[in-house]
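Chain nomenclature is as follows: A, B, C, D, E and F, assigned in order of appearance, with residue numbering initiated at 1 for each chain independently.
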Amino acid sequence: MARVKLLSEEHVTGTVKEIYEDIKRTFGLPFVPNLFKAMAVHPAYLRTTWDRFKVIMGPGKLDPKTKEFLALAVSTVNNCEYCINAHTAQLRRMGVSEEELVEGLAVVDLFCGINKFLDGLRVESDLK
Amino acid sequence: MARVKLLSEEHVTGTVKEIYEDIKRTFGLPFVPNLFKAMAVHPAYLRTTWDRFKVIMGPGKLDPKTKEFLALAVSTVNNCEYCINAHTAQLRRMGVSEEELVEGLAVVDLFCGINKFLDGLRVESDLK
Amino acid sequence: MARVKLLSEEHVTGTVKEIYEDIKRTFGLPFVPNLFKAMAVHPAYLRTTWDRFKVIMGPGKLDPKTKEFLALAVSTVNNCEYCINAHTAQLRRMGVSEEELVEGLAVVDLFCGINKFLDGLRVESDLK
Amino acid sequence: MARVKLLSEEHVTGTVKEIYEDIKRTFGLPFVPNLFKAMAVHPAYLRTTWDRFKVIMGPGKLDPKTKEFLALAVSTVNNCEYCINAHTAQLRRMGVSEEELVEGLAVVDLFCGINKFLDGLRVESDLK
Amino acid sequence: MARVKLLSEEHVTGTVKEIYEDIKRTFGLPFVPNLFKAMAVHPAYLRTTWDRFKVIMGPGKLDPKTKEFLALAVSTVNNCEYCINAHTAQLRRMGVSEEELVEGLAVVDLFCGINKFLDGLRVESDLK
Amino acid sequence: MARVKLLSEEHVTGTVKEIYEDIKRTFGLPFVPNLFKAMAVHPAYLRTTWDRFKVIMGPGKLDPKTKEFLALAVSTVNNCEYCINAHTAQLRRMGVSEEELVEGLAVVDLFCGINKFLDGLRVESDLK
């Protein structure tokens, strides 16, 4: 159970309510994810984080699927269950197959291992 | 300085020499990266890791640029300098711009932060 | 379920029993936390860890609330559920509000993200 | 060396220039930290991150020294050299002594260890 | 619940079936661990990972118990529940006692703590 | 450079001096490692940490080489350069060969990778 009160949709008003509506519209979801309901305890923090979320995950030079896979890789290395679930669900909605998911995780597997072999033996970079 | 002897190209023979040639050919590099020169202390380990490297990073359903960005994200969360340098250089060779690099790292920034906010407040996943 | 037997209060004697009493008295708790019941499998380790716990968390130049917040931040970055629960509960007993908890976690969010942006681009410190 | 071009103060104009001025004013520093010079490659990301930085680190219920110590603890667990240097320097400017620094790091030491003892033995939380 | 379909023993044929048989024989287990059932979605990845598993965990200069303890330490620092369970069970089958488990975890505790104290104060190595 | 003053041997007296002598004797080293010189800023912390160090690394059921390898594995996953250097040097003094070092790091490589594959797909433990 969350360690702070999650502010449900019927209990918010004003700016927080507007942000909630924008979140549902942006993700095409019928509910506001718990992440944002926890941030709503501190409205200025919710406001600025959501603005930033849209800048970073919105249109840019990298395509949305690549960004979503990056988010899954990051959440996997950090072992954040909430985010792993959310990004896997989002990738599924984008049409990613089981084979692609396993292929992406195999890259995570490979380099988490190699990262540590290199660190443990203090192998120097080939690049100056 | 590496904590084990890196086996240079002129000092290896047989299977290790063949793997070294395959590595240079596969990456299109004029030298063997130090990673593999450290693994060569244990030839069976080098053999099986290189075979696996090619399976995971070779042709599949995900495109090579996405895989390389995943490798950079993983190495960044683990803060492995050797791998960060290697994958950034590889992405550059693939034509990735400064703007794309920063855009990718912004995704890493965003979700490393959110991962920890969620973990620290034990916010439960919206998904059952 | 714990992977070793947790030694309950009625099953210990001598030094371990005395440490258990001191733990309850120090924390003002009616029970001995499982952490210490697991360490009791190795009494010398329990003894020295508890002594050290009191030195580090006891009176010093930093106030107890700051130390408890540091413990929560550390446990959050490591994603240790047991410790997150324990330190949040302790902060609550110290009178910390929901707003303060979210404000503290926002700092964790901010710098976990920035840490990785900096690592991933190998941005050098401004300080010599 | 940073993997992207750091945009120096004399080479920026418009919004980025204004943000640079605000950064120097806010921190009371005669230069713009490299962190922001790297983010400037993606101006919208710099804009939103800086706005959020001020919300999170600005006036609130937690005092500035506690927030700075939290930032140091986070950066220490993540082992981010840039941030460790920056937050230590900031704490020094706030008048924090060597004894306080070591006392804070002792808390980091204590709970990084305990976190892992608990994880490794799967000891369950005392709280339901 | 796993985010991909785990391929059960009755649903696989050919090479995957052969690998499954080899896995059960090698571990002396009456079932195939879920790890391998998830990898089976990508048969070439399963093949090469299993070959490598046997090279790394098979006979060498380090004894099997030391390797298993290393695997437990790694999984503990990464807080991977699946692997912590699996390696603890394997150590138990090798005759390792509760006391030895706690003694091993005490080493993990000690150095996870010391690692971070050193990182946070940027203490330089005594070795050149 | 360390962020606190390292207290050199000629500048300490009393208990700290006695601990320094005990440290050199215990490790068979002609100097006091910087780790302890940094802790000496807070003498009670140095005292209790050194007592605990000896309990955990001293005679027990696990042999000293296994403990030292565990310490190296932990420091590798955490990427703590100071500790990686120190434990590698200690293992060398114990007669560990290059082949054994690489064999140990191969186990670290293998399970750091597998840990994350399992986490990222939320594969459930085979054990109840």
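Annotations for the structure displayed:
Note that a residue touches a chain if its C-beta (ideal position, glycine included) is under 8 Å from a C-beta of that chain, and two chains touch if they have at least 3 such contacts.
Just so you know, these numbers come straight off a predicted model, no measurement behind them.
Both subunit D and subunit F are touched by A, B, C, E.
Looking at subunit B and subunit C, the chains in contact with each of them are A, D, E, F. Summarising the inter-chain layout, the chain whose CA centre lies farthest from the centre of subunit A is F. If you compare E-F with C-E, the chain pair joined by more contacting C-beta pairs is E-F. Put simply, the chain farthest from subunit C by mean CA position is B. With centres defined as mean CA coordinates, subunit D is found 22 Å away from subunit C. Rounded to a whole number, the gap between the C-alpha centres of subunit A and subunit E is 27 angstrom. Among the residues of subunit E, those touching two or more other chains are numbered 3-4, 38-39, 45, 49, 52, 56, 73-75, 77-81, 84-85, 99, 101-103, 106, 108-112, 114-117, 119-122.
Subunit A contributes residues 44-45, 47-49, 51-52, 55-56 to its touches with subunit D in the complex. Of all residues in subunit A, those touching subunit C in their complex are 3-5, 38-39, 41-42, 45, 49, 74, 78-80. Residues of subunit E touching subunit F in their complex: 1-4, 6, 31, 33-35, 38-39, 52-53, 56-57, 60-62, 65-67, 69-71, 73-75, 77-78, 80-83, 85-86, 89, 97, 99-100, 103-104, 106-112, 114-127. Residue ranges of subunit B in contact with subunit C, taken from their complex: 72-73, 75-77, 79, 81, 84-85, 101-102, 105-106, 108-117, 119-122. Put simply, subunit D touches subunit F in their complex at residues 79, 84-85, 88, 98-99, 101-103, 106, 109, 116.
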